[in-house]
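Listed after this line are the structures, all set down as structure tokens.
Two complexes are shown next, each including subunit A; its partner changes from subunit B in the first to subunit C in the second.
So, the complex of A and B:
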């Protein structure tokens, strides 16, 4: 390992002054709400905040004894795995194709990036319209083909709908990173392998994919966090957690219990649990998966 | 001399002029009425503002009922509540339990000195928003109830008599079968399924939805809608669903749009849907009372109130409350009430307004427009006065979820209702614990 270069700031206050605005934003928008969630999770309040009662871990006990909460762990695990793996695989495929294309490359790349600009709620509504059992264009097509589609009542159909919408939205982001990653692989390596007689499939798995591993690892972390949190807008617009509670992922339950059911203590307890899960997942990923990454 | 006089007069004029301009107190009104109903709200505010100069009511659309309630709560916590908040009937227990957050309407009206007679309000409507001690807590505003709409053109095409709507559930099933045979993909659907098929259904048949007079008697009430009659009804709906006669179109009022569009031929929905139906339906439609089971003694009784009421938030300056009282007085006047009722399909809240509408011949010219009113004015028993339960929104969602399992064919009616009662009772226990006072 080379000796680390250290930059020394001679001024005692300048570094703090430069960091201050960013630290303030993080403090106000991340740490303060997180602290408040932890505070509210050990309290039982009425909706208007007029009476506050300390209840210790009672909220946590209550949520863990609720079978629908345990159920939503399973739902969230299935959902985030499908979204993360599906999103990464699809965008890798598209990036590899886009990399090989010569004519119209710019057009493909532009079109593939556009979905990222769509707001999550809008994406949810878009897909809802296409797949709505009574009026959707795609549902009509499916019915013509003899496939019955009812995302209002069929849990698998509803899950398919939100997974599709969530992947669609995230493809652009993954695609961009994969494309950049592919571009950074030296052409000489690939050419050398081609000269040695390696077929494209072999070239991909032995050279391209390992060299893409930092990107893939990064995107895995980002996609899992995305599936846990940013998909709320899509789920609320498309299925509202239904049918029953079959698409109620953890973050949706937090919203529902806090804002519709006005159970602020329970909702805060769920947020704390959710925060702990994502932090743990990220730590695990950095500790164990990163070891496999070749930088 | 002349110029000095001119200056003095101008100064006085400006002082007085400026004084009157500042005297108008703004009353903030947050509501959940969108579309044609939003226009109705704006017209009400405009009418009031033009009728006097002291106060100006400013209505603001805040989204759906739950969104409006959440916005009101958040604003209150931030010390920035509106003067008037429209809260749906499901949120009544929550509002009633937060004694520090609201000022009872009875108190506001009494303090203002304006004439206020609680008995002039239709008892089934006002009773719902009245405390056990008789004080009116909120002002009924858009009170609806559950009624039955049907597509007369579709009836004709199916060989049914369009002037004879089905009166019993057996007749509904028969009509649905004929409609399906004539090519209707969606013979019957329902909006607000818990409200129409369990809550109102129970009251209509004088059967308990929950103990303690459906929750009116205290927070220790518990759910009872898994009784034999309700199980029978959900079983019947399940059978209809299996044959494609009853098609589930989603939660809350998602099914509303399917009737005026012609997609579904029969629907049990809110009386407040009438405005949208009148505006958008390109076919002849009819209104009828909610169907019932004729072998149940005492049926039909009356149906349960829906819609929303206006709550007055606490912590506002005294002159705001005078303005609120004056606005409520305006809203309750027979002319305004009668016009609102005719325009929207919501119930007239005072008996005087009902009589005025009746004497104007409106009901003769619009047969079916008095269905909602008749359903609410029949004699009430302690089982049919209305439902007031804590955490009611969660309970309704629980009912939606469990019934969805029935329509999807994953659960039987009795098991689903039993599960809903168990889960719902947990919510009631939690509400009781959180509001021990």
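So, the complex of A and C:
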């Protein structure tokens, strides 16, 4: 980070003027709200915002002794793990095969990357429509096969629905990164192994997969962050956190407690916990990226 | 390919075709649903081939002429809001980031490291994490239900600044020296040398930010309470807020197709820049 240009311009005021727009925007809409979140997390406000009281860590104690918050943690953990692992496995499979084909490679690529452009909320609506208990095509098919499906009543069905929608939307992203990773593996390594008699299956596990591990790890972190934060739209559109609170992930709960239940202190405390989680994940990711550069 | 393995090649195509079909199926179904009458869809199983209501449904959705149980604001208006929002976010972010990256790379000034790190921190916290206080700020500033409220808080992140900083570091110093020799001031150098050189980065970033802006959900959900200011993604959610089968699913699905179209076109037509943008912004 400390790398500097050898040649620079000189001016006492110009750099400040150039930074001013960004500084203003992040000051007002980033640092101020972030500070407020931390402040509110140690305060207790009544629902009308008239009186504010200093309560120290009471909000944190309260949320961590709240079973529904712990439950939400579990839900988030299961959800993000399923989304990350499922998405990575499927897109790795597609990328490995897409890397093999010569004919139609570009067509396959084009047809696989566009779900990235679909808004999470729209993805939620699409999957809800397929799996809606009364009218959905897939739920109808499942019923014909004798499998009962009701994502409005059954927690596992609801979780399956949002996991599928979240994976569907993220496949294109993972796919592109795996494809780039596969491209950067030297062909000579593969050829050498082939000459030594290693078949494709063995070559994949002994050469390709280990060499892809930086990409895989990177995607694991990115996918967990995605499942934590970017899937709000999917969940709100497909299940609204239900049935009950069974698909209410942490971000959904922050939103619900703050805007629906008007528990500002609790919501702010949850925000601070989330911030700590993101910062941790980001640090992990950066340390890893540094390693990759040396590697 | 290292060796000939016809069987494996066939398998590759089969797997990829299945992948493409599975990925496309939800959207195909959406399209089919958008071409039937509402009655045809709610009779399970719904038809799996397109119907003849295409023009009727899309016209009804765009103008909001048919009322279901949920909201029935004209989708044409919502698409316009989404377009303006996405463009303002994309161009706004690119503009302020170009300027601040220029300052950070090409000037020495006191507290530079502090400035650098405070911009850096914003990378870590998405808007979802601090929604409530940010909402309060926007509401205190009277920006609810305005384009400013929809866009400016989402511009407050540093992804683009870092991308441009990285790119500027690779620009040879000789170019600055040459420009100075020719008597060009910093802004002249910025305008005539740096910005043109950054064209590909700008295009890549535009694709990513346009999609990001178009697909926003949580933030617009909070700051728009007036039907007249709903972006299309919010509009869809509001349309289905009735029950399960009582919806006008044909219109909802026509709206969904319309909402997907612009960002999908941007991704497919600007594929090269899209891939570059995706890979660059994650470094």
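Here is the rule we use: the second predicted complex is superposed on the first by the 241 of 295 C-alpha atoms of A that agree within 3 Å, B and C clash if a C-alpha of one lies under 4 Å from a C-alpha of the other, contacts with A are read in each partner's own complex, and residues count from 1 in each chain.
Here is the rule we go by: contacts are C-beta pairs under 8 Å (C-beta built on N, C-alpha and C of every residue); 3 or more make two chains touch, one makes a residue touch a chain.
Small disclaimer: the values here were computed from a predicted structure and weren't measured.
Touching more residues of subunit A than its counterpart among subunit B and subunit C is C.
Once the two complexes are overlaid on the shared chain, A:44 sits against subunit B while remaining clear of subunit C. When both complexes are overlaid on chain A, the residue A:271 reaches subunit C alone and has no touch with subunit B.
Of the two partner chains placed by the overlay, only subunit C lies in contact with A:26; subunit B stays clear of it. Contacts of A:178 after superposition on the shared chain: neither subunit B nor subunit C is touched.
When the shared chain is aligned, subunit B comes close enough to touch A:153, but subunit C does not.
When both complexes are overlaid on chain A, the residue A:134 reaches subunit B and subunit C alike. In the overlay built on the shared chain, the residue A:260 is in contact with subunit B alone; subunit C does not reach it.
When the two structures are aligned on the shared chain, A:34 is found in touch with subunit C, with no touch to subunit B.
Residues common to the contacts of subunit A with subunit B and with subunit C across the two structures: 134, 152, 259. Interface residues of subunit B, counted against subunit A in their complex, comprise 66, 69-70, 73, 76-77, 94, 97-101, 186, 248-251, 258, 263, 391, 393-394, 397, 400-402, 404-405, 407-408, 430, 433-435. Against subunit A, in their complex, subunit C makes its touches with residues 1-3, 5, 8-9, 11-13, 15-16, 19-20, 23-24, 26-27, 29-30, 33, 41-42, 44-46, 48, 95-97, 99-100, 102-109, 115-116, 118-119, 122-126, 128-138, 152-153, 155-158, 161, 169, 173, 176-177, 180, 185-187, 189, 211, 214-218, 221-222, 233-234, 236-237, 240, 244-245, 249, 252-253, 256, 259-260, 263-264, 266-268, 271, 274-275, 278-279, 282-283.
The part of subunit A that touches subunit B in the complex is made up of residues 44, 46-51, 53, 134, 152-155, 240, 242-245, 256, 259-263.
Touching subunit C in their complex are the following residues of subunit A: 1, 3-12, 14-16, 18-19, 21-23, 25-26, 28-34, 36-37, 40, 90, 93-94, 97-98, 100-102, 104, 108-123, 125-130, 132-137, 140-141, 152, 168, 171-173, 176-177, 180, 187, 190-191, 194, 200, 218, 222, 229-230, 232-233, 236-237, 251, 254-255, 258-259, 264, 267-268, 271, 274-275, 278-279, 282, 289.
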